[in-house]
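Okay, so chain A shows up in both of these, paired with chain B first and chain C after.
What follows is the complex of A and B.
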């Protein structure tokens, strides 16, 4: 079978990309960009480069696909995925560069919401990631994914996995140790707890063991992925699988919108929100979506949330083995024994090895000096690159002086006092304390802006690390738009019956209890 | 009692569909024929959801498992109707299609000269089961053959 379609779609996508590049580069879009924020519009550099590269690529390959001859083979299969990948990419581009900024403009015109002090798009987390996922969901449910794009849409998984692998370059050993420890405790408690509660509730409600098994994996570990892994092991019936996946998808999509709103209203910091989303959201795809919805212009929240996601997926083989043993013991008709080695081999997430490898490589200094995270790039003297013009002005010092008494922690208070006295950050320790203070959102927005500026004046990011951050953002945006195209109403409509009741109880318990634990025990910095 | 020579029966094992099966068998004369249409709803294509964490081998295993489960269910439905048909000396043929139930029924109906199409009633609210039902409005608009909708048992 020849998979490459003789369709003009890829060629048209390429021409649209080139048209965007041409209009941005020639200044034809200047008026519109002024409307979207003028100097505050952040994507001009991307607009004048990315559509050119991908546009040329799409036109060349699209032309060859339309006018060339194709035969069966591996290259044919890979080639058939390109149109779908570019389809996702152009949606992600449009949403990031035009739709999300337009939503922000309209939201600002509507004014701030009540006494929250926030615009509605900030409150609801309506940024390019969330809007991109919504566009994906609308695309598949209203128009269906075109046939020529079907193979490529599946590449969204590869995009997300590559994003997680690259994320490995951005952790320091201390961050990974602290976040890993926190996630093991929280995930261990909440995964085991929710699997146990589902099995207990299932027994009380007299649902079949197969349904209890598949539901407990989905509710407890990582949503749809755990359901896919556990269903054959507990011999779930087709309708039980449909119920479980429908319930999880419905719950997951709901959480992706609700969690950022709650996080904003409670003034959660990046670490708290990442830990909460990573634990409380049932489905792993929506964990990344919620993290990027909460913090679209940075990846600190994503870094925390993804460590929790990785911990969940590492727990998956253990839970599958547990359920397999549990099921075999309860079902007399099952004579097969559980092959522990095969389950671990099959279910072990290979991409986590890539994440660990990139973390290890990053620690050797291949992407940035090994002590990058320890402050190699910290410098507050002229010799180390500090510009005197970056010294804090009197008006900014006045803002900080007026707010210093709001700070409870002594190390943060001392750091701010040092900043006020010297007009610049004086040490790496002070810089870390100030970063924690910004994340904790103790001070006003203006004060936090001053602290961020002071941090930027002394701390510099290696070019390669900056590039990785950019790539990671794009890979996640690409992956999440594509995953949105795999969430169908027909699947969500299957939510119902006893699984919906158990799902609602366990999902709510998990979300509320993990929120309480995070607010009580997780601080603003790791 | 209505009698038919060439019936198209669409059923998939629910109580309502089994009532339709019994009615179709009852209305067929001894030398009549029943074409049994089993539609696997295309919602199953989406039942991998937005999984992205699993390896390819796990997804393949899941896909094969779902196929085998649906296959087993279909085999049971076929065996049940075939047995009833053979007991009465009715010629039996079956066809399995993946798609939207009403579209599949309409297109299958156009393939032969049926004198009756038989389907069951929708499941009453509150009963468990897949949410994938025939849209009677779509059938009424597109079918050119008489349509018999058998009432839900005890409904």
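What follows is the complex of A and C.
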């Protein structure tokens, strides 16, 4: 079968992209950009570059697809996916650059919501990620994905996986040391607990063992990939896999919208929300969606959530072994021998290994100083990026000197004294102590402002890590718009019946219990 | 699973024949991007 469609669609997409670039570059859009936020509008640099590159590419390939001759083969199969990929990309661009900022403008016009002190678009998490997924869902369910784009829409998961691998560049060993222990304890408890409860409820409600087994892996570990990995172990039928995936998607979509609202209402910080989303939400993509919805302009929440998510994925082999043993014990009529070792070898997600590889590379210091924390690193010398103009002036030193006696803790007092003596933060330990002092609100607002400024002066962002952040943001935006296009009403309806009830009970328990644990025991801040 | 009939290759969710192939392509893509960022910045 020949996959390349003789459609003008890709050519038209390319022309639209070039028109956007021309209008942005020539200043024709300046009035509209002023309306969307003026100097606060953050996407001008992207607007004047990305549509040009992708526009030229789309016009060239679109022209060839429309006017060239095509025959069956590898090249036809893979190049035909470009039209769908560009279809997703232009939707992601429109949503990120225009629709989401417009929603924010309208939301701000409506004023803040009650006592929350937040605008409604913040509370509902209506940013480019959520709007992109909604546009994807509407596209597939109302208009259907155009035939020429169908092949390319199947690239969205590749975008998500590539994004997850690149996330490894943002982590360093120092960071894992801070988060790893917590994530392992929480994930261990909640994953094993979820799997156990699903298996127990499944037995009580008399659903088939294969259904219970595949649903427990999906609900407990990491959604769709875990379902696919566990399916051969419990000899699940395709309809059971579809039921499980439908349940996971339906539940996950609900969580993706509800979690950021709850997170905002409770005033959770990045680490708390990341830990909660990474534990309580089932599917990797929806964890990313919720984390980005909670913090659309940064990546700190996403990074914490992904650490939890990756930890969860790493539990998969244990769950597979558990399920294999459980299934063999319960099913007397198992005829086909399941080789657990082979299943793990064949089903373990390689992209997780890629994440670990890039994490190891990042920890060696090739992208940023090895001790970088979330892409940021400490440096108080000119060689490491400190600017002499950032040295504290006499008036600021006077403010700190006047308040130093308010400080009780010796490490914090010493750090402030060092700051007063040198005009800059002298060590990472001092920096941590000063950040703790700011959080403790011991000093006046003015003094805290000075401390925050001193902290910023010695914290630098590596350019490479900044570039990786941009790549990751776009790969996730691309993957999540495409994910929306795969959420059909029929997939959602498949979640009906008992698997959906079990899924909802276990999902709710997991979400509520992990929220309680996070609020009680996780207090770290960025 | 009617979507699967639209394609004689890959699955409803991926253009690749298996998850493993998709993972490897993602890995190669990520390494290419990482190398590009490494030499450009």
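Just so we're on the same page, the second predicted complex is superposed on the first by the 426 of 526 C-alpha atoms of A that agree within 3 Å, B and C clash if a C-alpha of one lies under 4 Å from a C-alpha of the other, contacts with A are read in each partner's own complex, and residues count from 1 in each chain.
Methods note: contacts are C-beta pairs under 8 Å (C-beta built on N, C-alpha and C of every residue); 3 or more make two chains touch, one makes a residue touch a chain.
Because the structure is predicted, anything quoted here is derived from the model rather than measured.
Once chain A of one complex is fitted onto chain A of the other, the partner contacts of A:356 are absent, as it touches neither chain B nor chain C. After overlaying the two complexes on the shared chain, residue contacts for A:231 are found with chain B alone; chain C is out of touch.
Of the two partner chains, chain B is the only one touched by A:284; chain C is not.
Once chain A of one complex is fitted onto chain A of the other, the partner contacts of A:166 are limited to chain C, with no touch recorded for chain B. When the two complexes are overlaid on their common chain A, residue A:77 makes contact with chain C while staying clear of chain B.
Legend: residue contacts after superposition of the two complexes on their common chain; A:157 is shown touching both chain B and chain C. Touch criterion not met for A:404: it reaches neither chain B nor chain C.
Once the two complexes are laid over each other on the shared chain, residue contacts for A:467 go to chain C alone; chain B is not touched. In the superposed model, A:479 makes contact with chain B only, not with chain C. Residues 157, 161, 224-225, 228, 238, 242, 346-347, 349-350, 486 of chain A touch chain B in one complex and chain C in the other. On chain B, the positions that touch chain A within their shared complex are 41-44, 46-55, 57-59, 61-62, 65-66, 69-70, 73, 128-132. Within the complex formed with chain A, the chain C residues making contact are 1, 6-16, 19-20, 22-27, 29-31, 33-34, 37-38, 40-41.
Taken in their complex, chain A has these residues touching chain C: 1, 77-78, 81, 150-151, 154-155, 157-158, 161-162, 164-166, 169, 224-225, 228, 238, 242, 346-347, 349-351, 353-354, 357-358, 361, 366-367, 463-464, 467-468, 471, 486.
Those residues of chain A that touch chain B in the complex are listed here as 156-157, 160-161, 222-225, 227-229, 231-232, 237-239, 241-242, 245, 248-249, 252, 283-285, 309, 313, 316, 346-350, 479, 483-484, 486-488, 490-491, 493-494, 496-498.
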